[in-house]
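The structure appears below as structure tokens.
Chain naming follows the written order as A, B and C, and within any one chain the residues start at number 1.
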Amino acid sequence: MGAIANFLHAIPLELIIIQTINGVVTGMILALIASGLTLIFGIMDVVNFAHGELFMLGAYVGVVIVAVTGSFWLGLIASALIVGIFGAALQIVTLRPLIGRDPLNTILATFGISLVLQNYALWQFGPVSRKIPDPMSSSFTLFYLQYPWYRIVIALLSAAIIGGFYLFLKYSKFGVWIRATAQDRVMAQAMGIPVPLVYTGVFAIGSAMAAASGVLFAPTTGVDHSMGLDWVLKAFIVVVVGGMGNLGGSILAAIFISLLESYAAIWLDPSQAVIVSFVALILTLLFRPTGLFVATPK
Amino acid sequence: MTTAPLDKPMQIGKARLNHTQIFWIGFCVVMAVLIVAPLLLPEFWRRFLTESLIWGLLAMSSDLLIGYTGMVSFGHSAFFGLGMYGAAAALIAVKPPNLWLAIMFGLAGAGVAALFVAYFSTRLRDIYFAITTLIFSQIFYVIIFTWTEVTGGENGLIFDRPRLSVPFVYNVRFTSTTLHWFVLAVVAGSYLFLRRVTQSPFGMVLQSIRENEPRTLAIGYSVARYKMVAVMLSGLFAGLAGVLYAVQNEFAAPNFVFFLTSGETVIYNVIGGIGTLVGPIVGAGFFQLARELLSRFFGDQFPYLIPLGIVFIAMIIFLPQGILGFARRWLNR
Amino acid sequence: MSVSADSTEPLVRVDDVHTYYGKSHILHGVSLTVQPGEVVGLLGRNGVGKSTTLKTIMGLVNPSHGTVLLDGNAITGLPPHRLARLGIGYVPEDRRIFRLLTVMENLRTGLDRGGVNEDRRRALLEKVFTYFPVLAERRSQAGGTLSGGEQQMLAIARAMMLEPKIILLDEPTEGLMPRMVSQIRRIIEVLHNDGVAILLVEQNVPLTLEASQRVYVMEKGSVRHHCAASEIDVHHPVIKQYLGL
């Protein structure tokens, strides 16, 4: 015990705080992506492999719109709308014909979509990463760093979007439709709820959320065709650890996993820090396969 | 009028062939074509054919899981990659490089990965299993990518091709033709072996698991054990494909361990026809050929995965049984 | 209000319908009609296809042969959510209310339709809360916390929110206490007085004969007997033969 205490003392408190903040910021973005993924799975039983690519597309659309209009916020909103509509079209063309078939088919179909989208982005935009300029360049002094305000804004905005979505789900008419469909698809239909439309709408919302995360995240790193891959993997881990279909669980899991990786990055190379999330996944699957943040294991 | 049983030859005037005879005739014809081909083809296409066979073996190993047991695995890139790196280890560590040692090391490497995956296969269903195998591929990828001292990291490993040596009998270098024949022998042998397996009582249980797992469990079969064996078998043959790849190309690289390789394998399966064993080989060949032709017509930079991906998606929607799907029942009799 | 002249166009007509579940041939040419505002009983033992008949009408199962008509228009093959909007309400066996939604939200699934203005909404809710005061009490509670009888009432109330022309009622009194059974009986009467047609599937013969104007008796996937409810009673040989009572 003493050795551990000494070990922890050796890490400067400031580093821990900085990494905590970083972890929470990344966690909120991850939560936004994972929410869309878990929503789509919970309502439609579709494992959307293309989710990372929707994130990536959103970022690229943001790049284009910001370049043309100069406004970051316009880019954010427009990207969410455009990718949302694109997602709806995608669902109608490729996923609707597969409803009722073996779930293997949708996994494969969304995987195919992700390949096509990735290669399209590579072809259209080239291998050099693009950038979206920071919408606000001010920063505050955090210990020995100049910490950009923008990162805090990302976290707050993500939280706001998720919160807004939660309210939508709870109180609006379409929200009731979504929840009813999730619980009993057949009776929802018998009550006049147009379930095929609900599915399309849910996919559109999930896509829009992914796109928004892409635009929000873009100024902190570059935008390139493979950015979706890393995030979709992390998002899947989050969704499984948080409990598939469990919105609250995914959010908690997202922050949890991001914090883990953030702290691990103190000692490990960032590309190796991902191992902790893998370990978290394996442990969850071994001991609590329904999810770490699910109230009672089913 | 009495009707003769379906599996006996029917005598209607001239002698007719039964199913087994037709199968073997077909098999021999295909083998003959593949044996003669390298003698007639230019170097590039010779190697191309060999490599297609290797991808075919990988896809076939995956079919055992997807087509016969009903388990989608994205872990085959791990099996393939570890087979490749295992072989690389043998070929680098032991001089002179020995073919059989490479095969053993490769199979051992793939076997370890398969053990991992097999354990989880019994505790997870469907989607969870698929995602977990994907994550495993990534775990191995990260380890291989970052453990530069041992695995060469990003750059991979380069080594020499071993000689074809049977102790005390002979010892020759491989030419691209003899290597092709060696690969063909391995792939054909694997096919026949796997065909025996799928037609055996063991194979029947696997298919019963695919059709209705709860019922199979209820009848009294230890589903977990059957699944584990299926994963092990599948992993070993995927590893074998990795060894062959290493021997043919004389390098090992981490990008093969990235889960996208598994994804492409699954594409070969779907295009060729799952549950046929030979369909995925055809699917692999078709895909490689299409890619080669597209890049010849439209240039190297052409994103061939866009049209091929769209074809893949369209096939899932409209032709889920794949190219050889129509022959599925026949091939499995 | 109770129309029974057979010359008028029936509200619902099922015409020689064959339905399969996979390879099982469940319905072997079922034909029946329901007139507007009429209460029609569908009797038969377990497993003869009564529920399947209702599901076929509701579009939850597609017949392989035959047609279903609503107001003279063919509705076979239309998706269930269209049929709900066209005026068919469905109350399934085992209720199937949305357990995680509140009572109010359950009602909203039927209430939130286009063309229902604020006044009509309030009127509908008031009506339902008058007939089922317990639902008014529990309106913010999750459906899953209600008792069996309360869930049954919620299921019926939810269907009423659609202002349907006909309600398909599948074994509403199953598993209910006698006091609740008579309450169901009263609700059927109220709906009938409101002009809503009812196709009632039931194992409870006396209740069915009392509540219905006409009854059909099914066995092994087809209709074996059809008469006015007043013509027979519990001891009638037809009942003995097909229901084994």
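The definition used in the following text is that a contact is a pair of C-beta atoms (placed from the backbone, for glycine too) under 8 Å apart; a residue touches a chain by one contact, two chains touch by 3 or more.
Computed from a predicted model, the values in this text were never measured in an experiment.
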(message) So using the touch definition from the top, which pair is joined by more C-beta contacts, A-B or A-C?
(response) A-B
(request) From the Cα centroids, identify the chain that ends up most central relative to all protein Cα atoms. (result) A
(request) Please flag the chain sitting at the greatest distance from chain C, going by CA centroids. (result) B
(request) Using mean C-alpha positions as chain centres, tell me how far chain B is from chain C in Å, no decimals. (result) 55
(request) Express in whole angstrom the distance between the two chain centres, defined as the mean CA positions of chain A and chain B. (result) 34
(request) Averaged over CA atoms, how far is the centre of chain A from the centre of chain C? Could you give it in whole Å? (result) 44
(request) Please give the residue numbers of chain C that touch chain A in the complex, ascending. (result) 58, 60, 79-81, 84-85, 90, 92, 96-101, 105, 108-110, 112-113, 158, 162
(request) Show which residues of chain B lie in contact with chain A when the two form their complex. (result) 66, 72, 120, 123-124, 126-128, 130-132, 134-135, 138-139, 142, 145-146, 260, 263, 266-267, 270, 301, 303, 305-306, 309-310, 312-313, 316-317, 320
(message) If we count contacts the way the header does, which residues on chain A are in touch with chain C in the complex?
(response) 173, 176-177, 179-180, 183-184, 186-196
(request) Could you please specify the touching residues of chain A with respect to chain B in the complex? (result) 47, 94, 97-98, 101, 103-105, 107-109, 111-113, 115-116, 118-120, 122-123, 233, 236-237, 240, 244, 269, 271-272, 274-275, 278, 281, 285-286, 289
